[in-house]
Amino acid sequence: MNTRNRVLRLMAVFAALALIVSACTDDDSGTTEATSAPTTTAAPTTTDGSGTTAAPTTAPETTEPTETGGGVFTTALVADLTTNNFWAYLDPESSVHNGYVLGQSHPALYTLSIPDFLLVPGTAAEMPPALAQEGENWVATIPLREGMVWSDGEPVTAGDYVFTMNTIKDLELGSNWISYHPFKDAEAGTRWLENVEAIDDYTLKLTFAASDNAPGLALYQNGVLQAPMLPEHFWADIVTGCMAEEDPKACLYATDGTGEPSAGTDIFSTWEPGAFASIVANPDYYYAGVTYTVFDDLTFNQAGGAAGIDETYGPGGSTEILSQYADGPFVSEVIYSEYGGQDAAYLAFLEGDVDYVLNPSGVPSGRRDQLLAEPGLEFAVNPSEGFRYLAFNLRKSPMNIDAFRQALAYVIDKEFLMNSVLAGAGIPIYSLVPEANAAWYTDEVNKWGSGIAEGERFDMAVQLLKDAGFTWDVEPLAQRLEDDPDTEADESLEYSGVFTDGQGMRTPDGNLVPELELLTPGPGYDPLRSTVATWIGVWGDRLGIPIDVNPTDFNTIVDLTFPPQEDGLGWDMYILGWGGGDPSLPCTSHQAFFGADQDAVGFGGFNTPGYNNAEFEALSDAHDLATTVEEARGICNDMEKNISENLPYIVLFSTPLTDVWRAGVEFPITDVLGGLNAYPNAWVGQVKVTE
Amino acid sequence: MLGYISKRVAQMALLFVVFLTLLFLLLQAQPGDFASQFLDPRIPAANQELIRQRLGLDQGMWGQYWTYITNFFTGDLGTSFMRYPKTVWAVIVERIPRTMFLFTMATMLSYWMGFLSGKMLAWRRGGKLEYGITLGGVFLYTVFYPWFALMMIWLWAATLEIVPINQFLTPDFWLDSPFSATSVFTAMIWSSVLVVGGLLVVQTVAGRMKEYRTQVLLRRTGRVLVFGIFVWYWASSSMRPFAADITHHAVLPVVTLAFIAFAGVMLITRGSMLETLREDYILTARAKGVPDRIIRDKHAARNALLPVVTSFILGLAFIIGGGLVTETVFSWPGMGELLLTAVTSNDIPTAIGTLALIGALALIAHIVVDIVYLFLDPRIRVQG
Amino acid sequence: MTTTREKAGETGRVKPGESLIEVNHLTMDYKTKEGRVSAVSDVTFHLKAGDSLGLVGESGCGKTSVALTLLRLQASNAEITGGEILLGGVNLLDLSEEEMRLHRWSDISMVFQGAMNAWNPVYRIGEQIREALDLHWPVKLTHEQSRERIAELFELVGLPPEAMDRYPHEFSGGMRQRATIAMALSCNPQLIIADEPTTALDVIVQDQILKELKKVQAELGMSIIYISHDIAVIAEVTDHMGVMYAGKIVEYGGTDEIFATPRHPYAWLLLSSTPSITGPRRKLAPLVGEPPNLMKPPSGCRFHPRCPFATDQCAAEEPAMEDLGGGHLVACWNHEKVPVGLSETPKEDL
Amino acid sequence: MVQDPRPTPELAPDEAAVGIDAGTDEFDFEPLWRVRLRLAWEGFKRNWALFSENKVGIIGLIIIGIFFVMAIGHPILMATLWSDKQNIYDPEIGYDAPVKTLLVVEEVTDPETQIDPERAKLFDASLKAEVGDTVNVPQQPAPPSLAHPLGTNPRGNDVLSQLMFSTKAAFMLGLVAALVTVLLATTIGSVAAYFGGITDTLLMRLADLVLLMPLIPILIVLSGMFQVNLVILGLIIGVLNGFGGTAIILKSQALSVKVKPFVEAARVAGGTNWHIIFRHIIPNVLPLSFLYMMFTVTEAIALEATLSFFGLLNVDMSWGLMIQIAQSEGYLLRFDTWWLIVPPGLAVTFLAAAFFLVGRAMDEVVNPRLRAR
């Protein structure tokens, strides 16, 4: 009986399996139907064949830039989309992954051109006027374009901007919203922008708070003018409703953003949390088909398209084209397929499930090597905006002695580390602004022995320390090939590569240098940084600086160094990294990192080293007042030199970002600082799929 | 018996409060806070304070603790930090069907396979086959799980391409789906729970029958009926292709999870069976002339079942932990993955909410074990 | 299932007074890693229907091995190297496992020594007896019929019928042993093997149980083989007895006769070391030394290393069973040296 | 009655007692320590005989032996064969960075010596490679070769060297975890069983509490709190195990010892509570403790690897970390570079399995009911 029972049980299992299998086969045919549906409707010419085969044949015909609907672009997200609410996206849910999906749908008065980071009009009709004084205050009157509409047909008006700014202020929205509507005094809640007023539907008047000088670039062009505009007709009632709630902000952020109209290339369409989201082409996109051109004198031109515009900004005159591309949308739909991590996403990419992987950290080196061997893929590599650095606690001895930091800078051989040890996984850098941001980069920073041989830099470092009054029990020495005490030291003799480690190092005031702790993310978190830290330890030991390299949890390092602290003496040195700042005004980051008013101690700012340098403070003040880009650039270059000389940070390296995509996908640009992942909203509407 | 159970429940409730407190203190003691996730030179440092205020991180530890505990027992798990202003509960509810589905399937599969094979192993003790299977079982039991999962992906998804590699559904196929994935998951979980429940009811009702023949008949028709309804439901449901898509994606993680868990069950069953087979009552049964198969299934397996049932119920909490690895490797966004992200990003409410849920599950499991024991082992009934 | 009894009935029931079971030259070894253990060697005894036989000896002398072999329940590493077990003329050793299974309980049942562990803890007492009835009762019994039968059995062994719905752990040791007897009786077997049926019980209960067994045996006319290390128990309940030493029966005969005149030195010493309540007061003789290692049994007579009467011959040659008349058999070269009556003062050199 | 406090896997205390009686019967006043030593040796021999019957346990021991050789082999290799190549074979900072120098050309005719400009940029740190330049393409990770029997990882570290170096760490972790577990669980189990009442309740509820915590998330939390290196991780695992499941199991064992007559005898003889616990109860619980020690080692090794896999431990080098590095560099779900994943994965599995097998074999020694015969 029992045997028969088992047979019965097995049969039941098989029945269930059979059901699943049959359902699966059904499901396969279902899949093709589902995928072919948008293709066939989207393709302007339908052939006799089935939908799937029709798509590729029709694709080449749709190369006319104004024509939308050339297939579907599928891209992988390596983390979940967590909201479809634009308000929430820019505050509590400001993850890059949310930005990938939501970022393109909202217009702003002015935007940055990619890849050259020029300020160009978006909803504004012309370049920003200079601020004029009106009594104590500074004002600007900005005309808006007529004819721009939201995807539900409502016009984009000055009222949308006013509504957005008022909402930021009334609901006290945080994070990114603050940089669009900055505080003058955060404690008191006063804002720089005192009044925002729509004179009519297409004219805006901005009134800044009273001050002696006109607000600089950071506040004006790179601040309030780049604020996104949200559709008042969609949100007004919701915001009003939320104002009545106990926590209006939470209420607003919790609202489902489904159905919000877009004025960007695409409209948010479907979302299956944890699985995928999709956006569809916006047929009413104002800039559809417009061609953007940047000339080598940074003249910018936007022309053509449905709007029929032809506008040129900048000096004009040059005909040498730096970059040029046409605006879309070219694909009918973009599907963001969510994967739990980059490994899964790249595997899906390899299998052909997705055309591209939106991965903020780029293609990891191992994956790259594997993909290089695959046919039908295209690559681009770009420098990243961010950098990894070694920070010193300037509140403690001997880190507060310039020579100490400079000597370390001499012995840290970044070229050797990056090119030999890390085999090209990092790019050695000497300034915070990456070389690729050519407009703001300066080469005139102190590179501390770059390109000089190991022994010689070592000698330079020792000399520097000696000059500063450091002493040793056993002096550190780079041995030479024939270091014969009888003969006089010959400068021409080569270094043997053997070193006598310094011992018993004492500071100029005679104190023994204590063991210094170097906090670094562990090899599990970032093998690059931990490897570099290990080597810094090796080099430090040679100089007689006892460095204890301590792989430490990221959160622990941040906790020790960043939040408001009593004395800030809990650490000596640490290695962390910063992501990109604002490439069109990079030195605002410098102010945040090194400004005396940004000290982590007490204030809880980002100036962890406790850098307080009069020259830098003066530069910082000047930077706040700069109203032209040229002016700001000069100041920024000086800041870079100041930092590279005084070394509150030793900038270590940045990483190249590799992008890879399936041939047949065409991006408007591929050479851009930070790679394709840095500004996906600038190209997601322009991407073409020809296969 | 009721008194016994209520005493246990009271003990458990007290334990749970201690557990929550401990969790809270542990998570609070972690370095860094959630605001550290928002270090950005483009955003003024003052924003950090705003975030701390918004999340209540400025209240001080005991203030936060008091708020948390009082809210917890009014059913408010608080607001998730990383998904602000979503409540923790909403975040968990979004994830739970996916995890539930994954591990109800894996658990049922693993216990079914494990118990049957463990029983056989003990019965056929000493053979070469037993040796091989035991070694294989130990290998599976101690295998480095993430690694094993990778190898499974490599074999079944990357090389043989029988199953999809990751995600829990095919986005293309679901673009125009009239159902949300959650509703499909829920339907699938309910139907499988009902099948198991139905089978249990059939088993119990049949067991109550006095005549052996009626028992057999009832059991057979009952099973056919239960499976029949299941098959009929899904055959007629318009959700079927979507459920099939999810099932197709779930095969690999379920099988992998089941393989790992199966080995443990098998080893436990084997040990338990071996001990049972040495009992005198097995000799009695043989002396009574009871056929071997019945000795194995009725006399030995029934007694050997006790530790297996214990491990089954107590293991439920473990599976969520194991799910953490599974979900990460197979990129299946469920509770385990949520827990991992919450813990690593200092999202205290979400982390506690998830851990508390697991803890509550484990506690309930403890009580269920006690009650199940009351039924399975008559020796305990008296003590209660 | 309903036909089990018919199948088992091939041997048929043996009439009282006729030979029920004949064990001839039964020899069994255990195979172990270290070598073969000769657990039972050349054991021969006969039992008539309705009679009772006692097997007595120190622990480890092979009593239980013999008992289990009768049911063919010997351990899996046991190997029967010779001899036969005839039950009503059928050699049980020739039967297939399935045929043997049908003989169990219907013809031979057993009362195990550890009554506590003999019951499956998760089933009711009644259910476990019913299982035997289902398997072996001549006709298929309905639920009510089997309950009736169990109630009958319970009454027979002095248990309240409602106790059948209880679980084993709810029984006291004595009750459990009675239930064990009830289960052994359930299918009206021709032979019951009682392996240390009373060892774990206190003396009063022990006595009750033994009386019960004796009574039941008399009523139902079945045969019983008692196995015990306690010679007093054997004396109380058996007609015949065999004294086992190191896997062999060294003396066999009527219980009274052996008690009166033990002829084997081992039996003599065994009896001497047991206090008697009824007999004359005497000093007890200790049995010195330990039973031999059966992996390497002593040459010749297995008892000779411990035997006070041992001669060179004993170590060299194995004594055969010698009939002293009246069915009193003994295997000893020097049985005439054994004093009549029990030893009162043990020899110094023992 | 003389009791035997030896921490040997002696089974029944009564047996030991009988043994001593037998020894003193001969009126040969053998010193007590010698008696103990001899008994310990005999006990060991007896248990070894039982243990060695179990091939599974022997297999486990052999595997452990192989790993042990690997662990002590590393420093030996570093001092001998690799002594002048420490910069290559050092598991942390050593690297072997062979490069292939390729000429950048428009049209690649020979992929062995040439590369197209687009790809060349991928390998040029300055991202400026143009036609006519040469670029160095690193040959990392390198497949197994004579110089690197298990190849190198993406950082150019020798995989074999890392594998061997990490073995020591794995043993140390397992040892610490196991010792702490045994120490805690035995004491707690014995104390709870012996005193009963409120002590028992408190300790057992504590155990329940520990059991409520899913191990991996809790370890993630703790690894954030402490600077978790392998020793501390071992301590944490040991403490969690010692207060949790193992304590419960050992308590039930201690309970069965507590009711043995010799404990009663010791009490009657006036032994203090602690004396009885440490001299009579604990020695008899220890065999089972050793068993759970083995299982703890298994668990600890697997946990370390899992945590490292998630990148949550700050250790210098471990098997889990080796896999993690491969993962963070994007070598995880690609299977042509198997030498990055397979050796550490198998090492974790085999060492964990080996201790488990030994544990199972010990189980059959300690628990006679599991024995074949």
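Every chain is named by a letter (A, B, C and D) in the order it is written, and numbering of its residues begins at 1.
One rule holds in what follows: a residue touches a chain if its C-beta (ideal position, glycine included) is under 8 Å from a C-beta of that chain, and two chains touch if they have at least 3 such contacts.
Quick caveat, the model's predicted, so the values are computed rather than measured.
Engineer: Weigh B-D against B-C on C-beta contact pairs and write down the one with more.
Structural biologist: Counting C-beta pairs in contact, B-D comes out ahead.
Engineer: Name the chain whose C-alpha centroid is farthest from the C-alpha centroid of subunit C.
Structural biologist: Most distant chain from subunit C: A.
Engineer: Indicate the whole-number Å distance between the mean C-alpha point of subunit B and the mean C-alpha point of subunit C.
Structural biologist: 53
Engineer: Using mean C-alpha positions as chain centres, tell me how far subunit B is from subunit D in Å, no decimals.
Structural biologist: Here the centre of subunit D sits 27 Å away from the centre of subunit B.
Engineer: Using mean C-alpha positions as chain centres, tell me how far subunit A is from subunit B in Å, no decimals.
Structural biologist: The separation of the two C-alpha centroids amounts to 40 Å.
Engineer: Subunit C: which residues touch two or more other chains?
Structural biologist: Not one residue in subunit C touches at least two other chains.
Engineer: Give me the residue numbers in subunit A that touch at least two other chains, ranges are fine.
Structural biologist: 344, 347, 553, 555-556
Engineer: Subunit B: which residues touch two or more other chains?
Structural biologist: Expected reply: 30-32, 153, 158, 328.
Engineer: Going by the contact rule at the top, pick out the subunit B residues touching subunit A in the complex.
Structural biologist: Spelled out, the residues of subunit B in touch with subunit A are 30-33, 35-36, 38-51, 54, 79, 82-86, 94-95, 98, 153, 158, 165-177, 180-181, 216, 219-220, 223-224, 227, 230-231, 234-235, 240-245, 247-248, 293, 297, 327-328, 330-333, 337, 346.
Engineer: Write out the stretch or stretches of subunit D touching subunit B in their complex.
Structural biologist: 55-56, 59, 205, 208-209, 211-218, 220-222, 224-225, 298, 302, 305-306, 309-310, 312, 323, 332-333, 335, 341, 345, 348-349, 352-353, 356-357, 360, 363, 367, 369-370, 372
Engineer: Spell out the part of subunit B that touches subunit D in their complex, as residue ranges.
Structural biologist: Contacts found on subunit B: 11, 15, 18-19, 22-23, 26-27, 29-32, 125-126, 131, 134-135, 138-139, 141-148, 150-151, 153-154, 158-159, 267, 271, 274-275, 278, 314, 317-318, 320-321, 324-325, 328, 339-340, 343-344, 351, 354-355, 358-359, 362-363, 366.
Engineer: In their complex, what parts of subunit D are in touch with subunit A?
Structural biologist: 92-93, 95, 97, 99, 118-119, 121-127, 136, 138, 140-141, 154-156, 223-224, 227, 308, 310-317, 321, 324-334, 336-337
Engineer: Quick check on the complex: what are the subunit C residues that touch subunit B?
Structural biologist: By the definition above, subunit C touches subunit B via 71, 73, 101-106, 109-110, 112, 114, 117-122, 124, 131-132, 134-136, 142-143, 167, 169-170, 183.
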